[in-house]
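The following pair of complexes shares a single chain, subunit A, combined with subunit B in the former and subunit C in the latter.
Moving on, here comes the complex of A and B:
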């Protein structure tokens, strides 16, 4: 009897792999410490009650891409979209273990963190190339958006014709400026939010329904 | 909005990637956001770019170089960054420079060790057939 159950399970898994409609995979990209994991956690918690990963003030806390599948977002009009959220490591062009030492880490741990973070960037770029259907690009609204990494990465995303929503995060902080980000990327929708406080998430969800639905 | 070099006045299309390396004509790093109707005001109305900027009140786009850690930057090689073949440079154990454009192109890894030109080529990564390539092959087969 056991044999039949096992075979049936295996068969349904096999068939699922073939016939299950693949959901849109939405990557959350951006420089380190923009609040990608905080936002991912908020989205996942809002719609499934779960969480995705730990957050930290030390950059490169997320060094492996984390995925949460089957998140269904809906609005009052009855529109729904089911997506997979991929929280990616922060993308940068330079990683130096000295930076982590300044946060009080031991040298060995800092070097290990730098190596993992470098692998993480490569992994994030791999996902972007192979497996992402849409992008939420996160920026810290208290910082200057005109950095080489931001311009280059948004350019790479555009060249792949992926739909992109730019999120100006940390608007709960006094020196945040969403308008500076709007000026930097006038070709894309910019949604100001606070991932930490949960401000203005409804507008982001509406935009996600519109863009990724 | 197009861009106009504040040094020599050369114009660039909206979203042009060329200006990331600085203006190809004069090497200028500062560009004015400019609308198409104001584009030729500097020549037609004999105004300086500064005057146009004051009139239109548009912002400047300045290409900044990362000055945070000058000791790790190869200043002499900085210009060639876009032509580099390596995807990752290991400056020291724990200090890395990552070439995002190379990584965005493929998984093939060429790693440069230190500031002198020593390279490691990850042949294993080059032997893999990428999913997108196999997908596009399938698609083109179907079309036939």
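Moving on, here comes the complex of A and C:
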């Protein structure tokens, strides 16, 4: 191969990489136990057939961010968007291994989980600062949305100018209230869903097409 | 109630002169000693993000278990404390939120009564 052809090939590869818009990475954020992994699994399963990670009633089940690449969401009007889904560890300002012991874990395991959980929170913050292009902010709709962590995290997301959809999860439960969440965050769309049962996912997908497309 | 707990007040003026890392360090060092830090002016989102990250690094089993934060609208602070910061620093209470940060295991007491800190400080 002569020099010119080689250079041209290399150049076009470089230009392709440069101009090809990379897929948006959509981070699923929220406090521990909100149902982030359950929802991530459902989104990934609905559009690819795979799953992302394990789910647990014990907080801090996800202690590392997990990314699923190239998920194409579409609707009947022919709109499509291809994104990466990043399931992130639940964010908090405090972690005490005693909490895991109350769930029946052995002390050693509880201490290990707590240490990994602290790393997970830092990792989630790092992704948000560096690598996330849009956010699905998940809340357990049976809980008070006015927590310091929620206010802080939504503020951090807003300061980065990222598009954000708020999901009011667990609406299958009787005391779930999407309106409390709407009141807390009137500046963003709030979509009530049950990630567990798959209720109202169509509305969420429509909003994702609109916001992340 | 909160006997033996030291409360450190950081004025908006002082906060304005500090860098992000200086603020975060000051808060963490203080809170890890068991103290409560009251900031006259709230932290920026970027500073909050850094504070969460450093907090996570500092957590140890049976030691430091993290922080708890509360923000209070400025009008709450002035109505309950009679111009809390005005009194202490001889100037108008800042329009931004007063922020109270403490060790996670001690903030429960404070959260119970939103006016506790203001009342405690203004009675000194």
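Convention: the second predicted complex is superposed on the first by the 192 of 213 C-alpha atoms of A that agree within 3 Å, B and C clash if a C-alpha of one lies under 4 Å from a C-alpha of the other, contacts with A are read in each partner's own complex, and residues count from 1 in each chain.
By our rule, a contact is a pair of C-beta atoms (placed from the backbone, for glycine too) under 8 Å apart; a residue touches a chain by one contact, two chains touch by 3 or more.
Because the structure is a prediction, the values reported are computed rather than measured.
Partners subunit B and subunit C, brought together by superposition on subunit A, clash.
In the superposition on chain A, contact of A:148 is made with both subunit B and subunit C. Shared-chain residue A:111: touches subunit B and subunit C both.
Of the two partner chains, subunit B and subunit C are each touched by A:95.
In the superposition on chain A, A:125 makes contact with both subunit B and subunit C.
Once the two complexes are overlaid on the shared chain, A:194 sits clear of subunit B and of subunit C alike. Residues 91-97, 111, 114-115, 118, 121-122, 125-126, 128-129, 148, 151-152, 155-156, 158 of subunit A touch subunit B in one complex and subunit C in the other. The touching residues of subunit A, counted against subunit C in their complex, run 91-97, 111, 114-115, 118-119, 121-122, 125-126, 128-129, 148, 151-152, 155-156, 158-160.
The touching residues of subunit C, counted against subunit A in their complex, run 44-46, 48-49, 52-53, 55-57, 59, 61, 65-71, 104-105.
Touching subunit B in their complex are the following residues of subunit A: 91-98, 110-111, 114-115, 118, 121-122, 125-126, 128-131, 144, 146-149, 151-153, 155-156, 158, 183, 186-187. Against subunit A, the residues of subunit B that register as touching in their complex are 1, 14-15, 17, 20, 33, 59, 61-64, 66, 69, 72, 87-88, 91, 93-101, 103-104, 106-107, 109, 130-132.
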